[in-house]
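Structures given as C-alpha cells follow.
After this come two complexes, each holding chain A, first together with chain B and then together with chain C.
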Partner chain A sequence: MTTDTTEPAAREKDASPGAEQPQGATRSERLTSLAQQHGALVALLVMVLVASLSFDSFLTGDNLENMAVSSAFLAVVALGMTFVIITGGIDLSVGYVFALGGVLAAWGSQYGTLVALILPLAVCGLIGLVNGLLIARARLAPFIVTLAAMLLARGVLLSVTDEGSTTYLVDKDAFFARLGQEKLLGIGLPVWITVALFGLGALVLRRSRFGQYVYAVGGNEDAAALMGAPVARTKIAVYTLSGLCAGLAGALNAAWLMSGVTILGTGMELEAISAVVIGGTLLTGGFGFISGSLVGVLLLKVIQNVINQIGSLDSAYQQVVSGAFLALVVIAQTWLGRRRRML
Partner chain B sequence: MTAAPDAPGQPPPAQGTPALAVTSLTKSFPGALALDEVDFEARAGEVHALIGENGAGKSTLIKVLTGVYQADAGRVRFLGDEVRFGTPLEAQDAGISTIYQEVNLVPLMSVARNLFLGREPRNRFGLIDFRAMHLAADEALRDLGVRVDVTRPLRTLGVGAQQMVALARAVSVDARVVIMDEPTSSLEPREVATLFGVIRMLRDRGIAVIYVSHRLEELYEICDSVTVLRDGRVVHTGRIADLDRLRLVSLMLGREMGQVREEGLTKFSGDHAAAGEPVLQAEELTLSHMLHAVSVEVRPGEVVGLGGLLGSGRSETAKAIAGALPPESGRVLVAGSEVRTGSTPAAIRAGISLLPEDRKAEGIVPGLSVRENIALAALPGLSRFGLVDESRIDRIVDTFMERLRIKASSPHQKVGELSGGNQQKVLLARWLAMQPKVLLLDEPTRGIDVGAKAEVQKLIDELAEDGLGVLLISSDMEELVEGSDRVVVLKDGAVTAELTGDQVTEDLLMQAIAAPLPADAGDGAGTPPGPRKEAGDD
Partner chain C sequence: MTELTLRRSELDRARVLRLLQDYGVYAGVAVLILVNVVLTPNFVSGENFRTQAVQVAPVMIVALGMALAIGSQGIDLSVGSVMALSTSLLSLYLGYGPWIAVLVAVIGGMVIGLANGSLIAFIGVQPIVATLALMVAGRGLALVLLPQLKDVRDPGMATLGSGSVLGIPYLVLIAVALAIAVAFVVRRTTFGRQLLAIGDSRPAAQLAGLPVRRVLIIVYVVSGALAAVAGVIATARLTASDPTSLGTLMELSAITAVVVGGTPLSGGRVRIGGTVAGAVLIQLLTATLIKHDLPPSWTQIAQAVVIVAAVYAARERGKR
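The block that comes next holds the complex of A and B.
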C-alpha cells in the first residue's frame, strides 16, 4: 500500500471531503461516492421534471417564487443543522427556537429593525450556546440536551405570547417588514439572504480551519482530540450556530408574514434533520456538505408543492411521501456505507 | 521535510542532552496506582525503548507526557524547562508528537486534511490554500517513501499506509520528541523497514524517539536505551546493548531466573490424565499481522497454556478459535469435526466457550442479576416455543452457584455489586451452562483478589479433571506454569516452542519467550537450550 502509484493530479478541484474525487479509485467506489453526493440532486431534478410535465401551474414564476421563499426559512435552519450533524450531533430545539425567534422579532420590531434582529439572535444564540456548553463541557447527550432546550424554548414562547393568545404584528411600514417583503429581480429578499448564507456556510465548512475541525470531530472525536483539535470549542460553536440560524430564520419568517406566529416551527426540527440527511450528510457524522442540505430542503418543498397541486390528495400525504423518501435515503446510505467498507 | 508553518522554531538540541525528562511522576486512578514515582529520561538523538507488560503503566506515562492525563505529582522537564501540558494540543505545540497503536486519524477525511488538521496553510483571507496543502502533503509523504494520492479519503488506504500518514503528521510538525506506541503492530515487514529508516533519520536529526513495542527483535534492532516498567515503577533503565534478552524478559515479567520459590503457591494440582483424541484442534490459523499458521491441540482433561508476551497473539488465537476473529485460513476442529470459522454461534454450538480477557467490556452485564447473567447465553436452549423454562433456569443457576461457590446474597443480586472474583465465576458459570467441550480462558484471574484467584484456579483444575479441554492464557507465569500440562509459546503471532512434561518450568518458559525468532536464531543472547522448537511459519 505504501507504494500506491496513483498520480496526484487535479489538485485544484477540492471541496468538502465528500466532494473529493478519489483519483484512481476503483470505478465502483467512484460510483458509490457519486451516488452519495448527488443522489438527492438527481431525485430533485426528476421530481421537478415530472411535476412540470404533469401540472401546468408548477413551472410558473409565481409558484416557483412562492416555493423558493417558503423554502428559505427551513433552509436557514437546515444550514445550522448541517454543521451540528456533521459533528455527529443533533439539535432538536430548532423548531421552537425558530418560533421563538419569530415572536421576539415581531415584538422587537416596534422598537426598530435593529432590536427586531438583535433580540432574536441574542436569545436564540444563547440557547444554542447553552446547548453546546452542556454537550461539550458537561458531556451530556445532544439528544436529551436539545430536547430539554426545545421544551424550554416552547415555555418561553408561551409565556411571552400569553399562552399563544397574543400575536405581535409587524408594522407594515417598518423597515424590518421590508426584509421579508422586498423583492430583488423578482425574487424575495429572504431567498437572496438564504443564498448568501449558504455561500458563506459552504465557504466556512470547506475552506476554514473551523470547518476541518467540524469534520474531524464528527469523523473520529478521539483522534481529533489527540491531533490537537479543539473538540469542545467546535461543538459549542456548532450548536450556537444552529441556534443563531434558527433564530434568524424565525425573524425573517416574521418579517415575511409580518407577524410572530407561535404555531409555526412545530416539527420543523424533524423537517430540517430530514433535509440534511436526504442531502447526503451522514447522521453518524464526519461526512456531508452544505449544498446537499439545500437540495434536501428543495426536494421536501417540491414534494409538498406537488401534493398540493394534486389537490384531491389530503395534504397529510405530503408527510407520508416525505417520510418514505427519508426512509429510502437512509436505507441507501446504509447500503452505500456497507458497500464502501467492503471495497 | 516540510517546514510546517506554525512549528516551533528552536534549534535542535545537541545529541545526548535530555529532551524530555520526568522525575517522581505519580498518577493514580480510583483504586489503582498507575505510576509510582517514575523517573524517565529521553535524550536527543537516541531511540529509547519503553517496555512493560499489561498494566505496567506505559500507556499512562505516555498519556501524561502528551497532555492527555495530568500527573498527580512529579515534574516534567522538556528541553530543560519545566512544563505541564494541559491538553494534547499544548504538548504538540511544544514539539512532542505521538503516533498511537491504533491509527488515530479521521478515516473520512482526505490524507492531506489529516496531515494538516489544525495547521493548514492559509491564504491572506484566512482560507485554506488547498493547492499548497496538497503539495506539502505529497512532499511530506514522499520523504517517507510513500506515494499516494493525498486527496483520497484516508480510509481508502491500507492500514500500513495510514500508519505512515500518522508518522508523516508526527514528524512534519518539527517535533523534538516523537513517541511511538507499538507503531509496527499492523505493518508489513517492508513497511517496518521504511519505518525504521524514518526513525534512524529522526535520530540523526537530534530528535528523541520514545519507542514502545513488545517485539524484542525490533527493540534490539532500533533502540539505543531501554526503560522497563512494571506495576507502575521503573525496574530498569540503561543501554539496551547491556541487557540480554533473557534478563529483559525476566525484568518485564518480574520473575527471576532460577528463583527459589515454594511450589504449590497456586491452587493447581498439576498434571491431569489427558487421554484420547484431541477435543480441540486448531490448525494453521492465519490472520494478517496477528497470527501466522498457529496450531494448537487440546485433549479432554488437559490444560494447555498459551505463553508469550503481550501482543504475541495469545488472545487473538483464542478469539480466532472461538469465532470472534475470522481467520484468513486454517481450520478449527472440535472432537474431530470441523467448525465454521469466524462465527461465534457456530463455535458455541460446537462446544467452544471463551471467557474473554476484559470481562467488563466483553462479558458481564452489571445491571442484570446473577441469575440472568448466568442464563443469558444458554437461554435459547432453555426455552421452548420462545417461552423460557423458569424452573430449569433456577435449577441450573443453583447448581452453578453452589459448584463455583459464587458468593452472592441471592441469585437476584445484581452482578455489578459482586467482587471481581465472583463476577468472573458468574461468567464462568454462564459458559459452563452451555455444556462446552472446550473452555478458552483469557486471563481468568486478572484483577481479582488473591483468595478468589486461588478459588478460580482450583475450579479450572476441577473442570479439567471432569474431562473438559482447557486452553489457558495468563500473563502470570506462575499460574501458567503450574496450571498447564503443556505450554505452547507464541511470539509475534507464531508458535515458536512447546513445553511439555518436565519442561514446563518458569525458567524454560522465559527462555523460550526471550529466544530470537527462528529466522535469526543464534545471533541473540540467551538462546534457550531446552525447549523443543516448533518451526513457526514466519
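The block that comes next holds the complex of A and C.
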C-alpha cells in the first residue's frame, strides 16, 4: 500500500519545477513511511528492553504468559477494528458486544460447546450486521450508529442477566472451558487462536479481493465506487466482521475466566482503537496493516504491566499514560501524513 | 401534469420532514407529557416537576457545549471525563472554600478543552480522535487525583444542591441561564456567525478570512467549561464525589439530546431550544419507563432506538 501512495507523489515532485533533489525527497519519504510503519515496533522493543532491565520479574515465564493471554482478547477485538478503521469508519460498540459475547457464551455453555460458540457469534454478528446496514445503506455516521449499538448491546446484556445480578458460570469440566484453559506447548489456547486469526486476517487483507476493496473504500469511497468496488457490501462486511471478532473474543474470555462477567468490556473500544492507531493504521482510512495492531496491543499491555510492576502507582495512571500516548501517536501521524502529502 | 404532481408530492414530503425535524422534538415532549398525565399517578405535581428538572440539568448543560462542538462540524467525547475531573478537583479544593473549589474545577475543564481545541485547530487531528484521547486521559487523571468515592459535606455545596428560589431549584436556574446565554451567543454574536460558517465549510471560512483556529479553540474550551459546571452540579446534588462513575456515557446522552433536538451532525446549524427539549425528552422517556417498572435494560434499548431514528430523520433533511 505504501508504494501505491508514494509513487504518484514522487512523480509529481519530479515534474514540479525548481524542486529539490528527487534523491533526497525519496529518502525522507522512505524515512517517513518507515516511521509510520515501524514506529510502534521500535517503541515496543524499547519498552520491553527498559522493563526487563528495571524489573527482574518482567521476563519471567509466568509474567510473559500472563501478558500474552490478557493481550489475546483485546487483540481479537482490535483485529476486527483494524478492518473497520481502514475503511475510514469506527466501531464504538465493541466493548459491550465483547461483554455480551462472554455472557451469552457462559449461558450457552450449559447446552454444550457448540451453543456456547455459535450463540455469541450469531448475536454479536447480527449487531455488527445491523451497524453495517445502517452505515452503508442508510448512510448514517459510523460513530453515532455504533454508539447506539453499544447501548443496545448493554441493554441486551442487562436483560439477559436479570439487570446484571446473575453471573453465569462455565462448568469447569465442559469442553468449552478447556478451550480457554488448555495449553499447547506451554502456551494457552486463546493465544494460539489469536495468532491463527491474525495470520488469517493479514492474508485476507493483503491477498484477497475483499482486502483490496477494504483499502479502496477507505482511500476514496467515490473512486472505489467508480472502479466498480462493492462499497456498501464491503462496509457491511467489515462491521459484521468487527461484531464477530468482539463476540468471539468475549466467548474466549468467558472460557478463560470460566464465567460470563457482566462488568467487563467497559472502555475496551477505546483500548482497541488506541491499539490500532498506535500500530500505524490511519483513522482517515485507506492505510494500515494487521501486524501493527498486534504490536499496538502488546505495547499497551506492556505499559499496563510496567505500571502494575511499579506497584506504588495507581492503576489509574495507566489511563493517563495511554491517553497521552494516543494523543502523541495521533499528533505524529497527522504530522507525518502532512509531510507525505507535501513531499 | 404527472410531473407536476410528482414534484408537488415531493415538495410536501420535504416540507413534512423539515417540520418533523424542526418541531418533532417539541411534539415528542408534548406527547410524553400527555401520556404521563393520563397514565402515571402523581405525575402532575410540583414536586415531580422539580425532580425531573433537577435530574435533567447536568445533561442539558453538557449538551449545550456539545451543540456548539457539533455545530462546528466536530464532536466532544471527553465531556464525561471532564465531569469526573471536575468532581475530583472540587472535592480536593473544597478546603479553600466552595467558590475557589468551583473555580478550580471549571478551570480544569477549560484546560482539557484547550488541549482538545489545540489538537483540533493547530495540529488538524480529527475531533473524534482528539477528544477520545482526552476522554481516556481525563478519566485517568480524575482517578489519580481522587481514587475513590468521597462524601462532600460543605454547607455552600449543600445550598447549591438543594436550595431554591420561589420554588425553582438553583440547579435548574443555572441550567436555564446557561442555555439562554449560549442561545444568545449563537444567534446574536459575531462568534456565533463565525462558528456556523466554520461548521458549514471550514475551507470556505478559512478563505473568507475568519479566525478559524481561535473559534474552534473557544468552542472546545467552552464545552469543557460547561461539562465542568455540570460536574459541579451533579456533585452538589449527589453530595458526593465519585470520579469512577460520574459522567460515564454522558457524551452519549448529550449527543442524543443535540441530535434529537434537530442539530445536524454535519455541522453549520445549532439549535439550542431543540437541544434543551431533546434533553428533556430523554429524561421524560427514561422516567416514564422507570415509573412503569420497566427495567433499566429497556431504557437503554429504547434510547438506542431513539438515537438512530433521530439521526435517520436528520439525514433525510440534510440531503435536500
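Keep this in mind: the second predicted complex is superposed on the first by the 318 of 343 C-alpha atoms of A that agree within 3 Å, B and C clash if a C-alpha of one lies under 4 Å from a C-alpha of the other, contacts with A are read in each partner's own complex, and residues count from 1 in each chain.
The rule is short, and it goes like this: a contact is a pair of C-beta atoms (placed from the backbone, for glycine too) under 8 Å apart; a residue touches a chain by one contact, two chains touch by 3 or more.
Source: prediction; values computed, not measured.
By the touch criterion defined above, A:138 lies against chain C but remains apart from chain B after alignment on the C-alpha atoms of chain A. By the touch criterion defined above, A:216 reaches chain B but does not reach chain C. Once the two complexes are overlaid on the shared chain, A:41 sits clear of chain B and of chain C alike. Once the two complexes are overlaid on the shared chain, A:208 sits against chain B while remaining clear of chain C. When the two structures are aligned on the shared chain, A:327 is found in touch with chain C, with no touch to chain B.
Of the two partner chains placed by superposition, only chain B is touched by A:230; chain C is not.
In the superposition on chain A, A:159 makes contact with chain C only, while chain B stays out of contact range.
Touched by chain B in one complex and by chain C in the other is not one residue of chain A. Of all residues in chain C, those touching chain A in their complex are 75, 115, 119, 123-126, 128-130, 132-144, 147, 248-249, 252, 255, 259, 265, 295-301, 303-305, 307-308, 311-312, 315.
Across the complex, chain B meets chain A through its residues 66, 68, 87-89, 92-93, 98, 100, 104-110, 113-114, 117-118, 120, 122, 126-128, 130-131, 134-135, 138, 145-153, 155-161, 164, 169, 190-191, 194.
Remark: chain A residues 90, 134, 138-141, 143-145, 147-152, 154-159, 163, 266-267, 270, 273-274, 277, 283-284, 314, 316-324, 326-327, 330-331, 334-335, 338 touch chain C in the complex.
Per the touch definition, chain A reaches chain B in the complex via residues 1-12, 14, 17, 20-25, 29, 203, 206-209, 212-213, 215-216, 219-220, 222-230, 286-287, 340, 343.
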